[in-house]
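A, B, C and D are the chain letters, set down in written order, and residue numbers restart from 1 in every chain.
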Amino acid sequence: MQLGMIGLGRMGANMAQRLQRGGHAVTGFDPTPEARARVAAEGIATVESLEALVASLDAPRALWMMVPAGAVVDATIDALQPLLSAGDALVDGGNSFYKDSQRRAEALREAGIACLDVGTSGGVWGLAEGYSLMVGGDAQAAARLSPLFQALAPAPDRGWGHVGPSGAGHYAKMIHNGIEYGMMQAYAEGFAILERKRELTPDIAQLAEIWRHGSVVRSWLLDLAAEALVQNPGLGGIAPYVPDSGEGRWTVAEAIELDVAAPVITQSLIERLRSRDDDAFADKLLSALRNAFGGHGVKRD
Amino acid sequence: MQLGMIGLGRMGANMAQRLQRGGHAVTGFDPTPEARARVAAEGIATVESLEALVASLDAPRALWMMVPAGAVVDATIDALQPLLSAGDALVDGGNSFYKDSQRRAEALREAGIACLDVGTSGGVWGLAEGYSLMVGGDAQAAARLSPLFQALAPAPDRGWGHVGPSGAGHYAKMIHNGIEYGMMQAYAEGFAILERKRELTPDIAQLAEIWRHGSVVRSWLLDLAAEALVQNPGLGGIAPYVPDSGEGRWTVAEAIELDVAAPVITQSLIERLRSRDDDAFADKLLSALRNAFGGHGVKRD
Amino acid sequence: MQLGMIGLGRMGANMAQRLQRGGHAVTGFDPTPEARARVAAEGIATVESLEALVASLDAPRALWMMVPAGAVVDATIDALQPLLSAGDALVDGGNSFYKDSQRRAEALREAGIACLDVGTSGGVWGLAEGYSLMVGGDAQAAARLSPLFQALAPAPDRGWGHVGPSGAGHYAKMIHNGIEYGMMQAYAEGFAILERKRELTPDIAQLAEIWRHGSVVRSWLLDLAAEALVQNPGLGGIAPYVPDSGEGRWTVAEAIELDVAAPVITQSLIERLRSRDDDAFADKLLSALRNAFGGHGVKRD
Amino acid sequence: MQLGMIGLGRMGANMAQRLQRGGHAVTGFDPTPEARARVAAEGIATVESLEALVASLDAPRALWMMVPAGAVVDATIDALQPLLSAGDALVDGGNSFYKDSQRRAEALREAGIACLDVGTSGGVWGLAEGYSLMVGGDAQAAARLSPLFQALAPAPDRGWGHVGPSGAGHYAKMIHNGIEYGMMQAYAEGFAILERKRELTPDIAQLAEIWRHGSVVRSWLLDLAAEALVQNPGLGGIAPYVPDSGEGRWTVAEAIELDVAAPVITQSLIERLRSRDDDAFADKLLSALRNAFGGHGVKRD
């Protein structure tokens, strides 16, 4: 079927390609000429404006946004809305906050436009392996667009589903990312212990590789860890500095709002904050206090 | 090759079967007649004493213990040692503490007996899917027994390896289990949040199933979680009570001994402790303190 | 000086008394006749409406709200604003969220009314011992009302201060309460360990009492803990159920917003959430998973 | 009464002085001439050997060790034991592990020597303010030495007590220090948030000072924090590097051994470990993993 893809960054470009390979007629738009050119080089039609994009599609249309969460999504919707017709469907495939997605879907619903929030996991590997898709929003629209989900998913009958009303897709993706934080931290801690004890277990890349087969901790993240450790066993040149991108902190806030104890996901986020604060005031105060009550020496900067 | 398997509980019996299917000549021993009978019913030879077991094997022998960690391992070694000859090899495939394994290997080395500590992961699924094996100890003995490891592993060339000197195998398994604690807790927290928000994401088993394909959090533990949630979506009848079996607390102690921060693995263990303390004194004191300074009401037992 | 106290609950009534004892002319208002009667019995003038309250005070007026944070504060301000004149000062002494206080002060500033946000600590003991007061907002208004702060504080020259612009007082109180959560949890955990080991340290009330004098952990909270443990050593009849009232979760959210690692304050909040969830889904899933991969028994509900 | 003080470091010297001021006849020993000279300058008798120390005291003797925990305590006891007589009492006032104290008391009991383990809190302030003393061991010996405890404590009738059999004094001190870790971390986190938000609350030393009077979080540690922040508001020159000295990790291990959840004390220790690891392997692996699955940039060392 026809699809207009808005946003041709790494994720949008890869998804456009996977859809095209799946037999769909994709037209791409991105304000950046370079982004359009990269996608065009893969044989995908591109246009230079949202107006041209909408005009290129037969009604009822399907459009898919892969743009940065937040203000850009709102601005894109504001620009699109006058161009769309009742019956069109608009997908937000980015990592929007679920309450924003609920608000947007509500607003577009009045204009007869179905807004689907599609949590999308798979990262840079999705092009080759397929994406995991959590679809929230109007069930009828989700059914109409199902050929697209089938092409993006690892297989037509798995790795995607309509999971609930508006917001449910981004909610599920938010929690997915929270779990991801916890899993990553668990592996990171385990390998850090092994690395510190390297006189006993000298080859932690080998251990990661062994665990990939038959162990209880085998996973796709472990596959990636094994590869990273093979390529750079001591992780030389990589700073111990870990950004976070929103979904983790939303998960923490959500858990607290719901009165659900989520100590490990929360602690995973906190550890990332700590990794970026190499002059932690808290630790300086602890050092000052130890000196004050016990006369313990203070390490100087 | 010939192998004597000591301990025919769930793990030992399954491993004996997988070795037998792999073409090895396994003789099993267990003090319990019922355990022997179950294995014999699978066509595996059994004997009624350690003496008979040792006598049934040609030197240099290979013996494999799958017995409870701790005193039973020591008692088994004490009983075996007079029966063994220089050149024999003895595997401890259980979850022994790595320092115990180092001590035992040192003691047996003087008698010319190689003691291998083989961390074994795979649980009840190992029979069908193969075990992940981390082999610690004498490299020559590990090489001699490699046909056994090849048969037990998911494939001859992967899922096992000689990872270091004595203790390294159980050390690696200990850390593996620590990681497992963290991963399990991360999933558990994520699904708990989704379950609490079920008016938005009503079908958490469906979400687990979607994530199994293409998502960043796909893993074998997620496969199991998906199945558990399909079979019993609300987990009815299951108490929120989680035992722990040693490796988790050893990992926590080891991290502290090495000065490695492992907040998530540690917190996973603590949550299990908390799950088993439904009359927590700490929480009662918090409630009493709130009443004392703020006049806040106290919930009565 | 003259003061109108709005809200004669436990905190408001006590503060009115302490101000009256300090020589100030307090008039109290509360919509509940019983609350007014209790205060009147202490010799404090009361009125039956906000209109009467404002009319009873000479301009420039000073009014102090001790009402529940949130909608009640907004409703009270809405009702008061038409009655007030430029130059009047309005104190919010409750636990309002600091961004709300900033918003309110901004709105009232346009009408020439100074809104002070005064974080107030001391609980039910403040009447006798004085309150700790963190004053945020217009410095000139804070100076004009300083006789009130001097009377409420433990001593005229200490225990209170103008700490910053609008919002600063409630911000400081929020963090104060976050610290309080962490301290309480630290004591609670320590006494819980001692209580579990009571064959060695049988009298934990005695320990609390010893620590009150000369130890590094002496504090007012410890004074209260010692008294609570003397009165009820086993804390019998008290459920392990700990509410939380907002400032703790705001502190956690603020730390994350500022990228400051606050693991202990955060974990203190999470433990309270956990205390109220005696059928934790996360723990049920952990139990189900252990059964799925290892065949471990599941405790039944 | 007569007392032999062994170990004239900071703690031992201060305690000898306070005892001397309290009217007791103290003789001090330390292998270091400088340490003896400092104490002698305060008018306290010193001797140059354990033999001379024991010879200077009338039986039944009282001796007090303030020496580093661990091997030095054992060596001191080994050297002392042949010199002592049945009926003598030996105090270990350091931070020994409670199981060591139990073992030592058991061994000395056979020789008729009472060994008291006295947890001692107060740090460098104890000389002026008195020490908090938790006495474990033989009740009769504790009663005989009570004049010493009365002189060391803040007042004769408070701040000390016989808290249980051998080991109980050091056990209580261990938990005391665990609580101390948690309290310190709670303050440190709170002040770190305030410091990060200094555009709103510019003077955190002022806040600490306000809270000292009337607030729920007032404590002796806060007194010290307030002073440290007044003297060095930005804590300039102090590295964010926090040692730990044993009791914290023992508390964590003990909590786990007893199956008591102690998340905050534990997390306080972990944060100290983290503070000393500015090239954390775990965080490097997290960064590598984010790059591997999401193409996110990696910060370079």
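What we mean here is this: contacts are C-beta pairs under 8 Å (C-beta built on N, C-alpha and C of every residue); 3 or more make two chains touch, one makes a residue touch a chain.
Note that this is a predicted model, so its numbers are computed, not measured.
Annotation: the chain B:chain C pair of sequence copies touches via predominantly the same residues, more than half of the used numbers being shared. For chain D, the chain with the farthest CA centroid is A.
Each chain gets a centre from the mean of its Cα atoms; for chain A and chain C, those two points are 39 Å apart. One simple way to say how far apart two chains are is to compare their mean CA positions; for chain A and chain D this gives 48 Å. Here the spacing of chain A and chain B, counted between their Cα centres, is 33 Å.
Multi-chain contact residues of chain A (touching two or more other chains): 123, 185, 187, 189, 192, 196, 216, 221, 255, 259-263, 267, 270-271, 274, 280, 282, 293.
Those residues of chain C whose C-beta lies close enough to touch chain D in the complex are 98, 121-123, 126, 129-134, 153-155, 158-161, 163-165, 167-168, 171-172, 175-183, 185-187, 189-190, 192-194, 196-197, 200-203, 206-207, 209-222, 251, 254-255, 258-265, 267-268, 270-271.
Only residues 216, 249, 252-253, 255-256, 259-263, 266-267, 269-271, 273-274, 276-277, 280, 282, 293 of chain A touch chain C when the two sit together in their complex.
Within the complex formed with chain A, the chain D residues making contact are 10, 123-125, 184-185, 187-189, 191-192, 195-196, 221, 224-225, 227-229, 232, 235-243, 263, 267, 271-272, 274-275, 278-296, 298-301.
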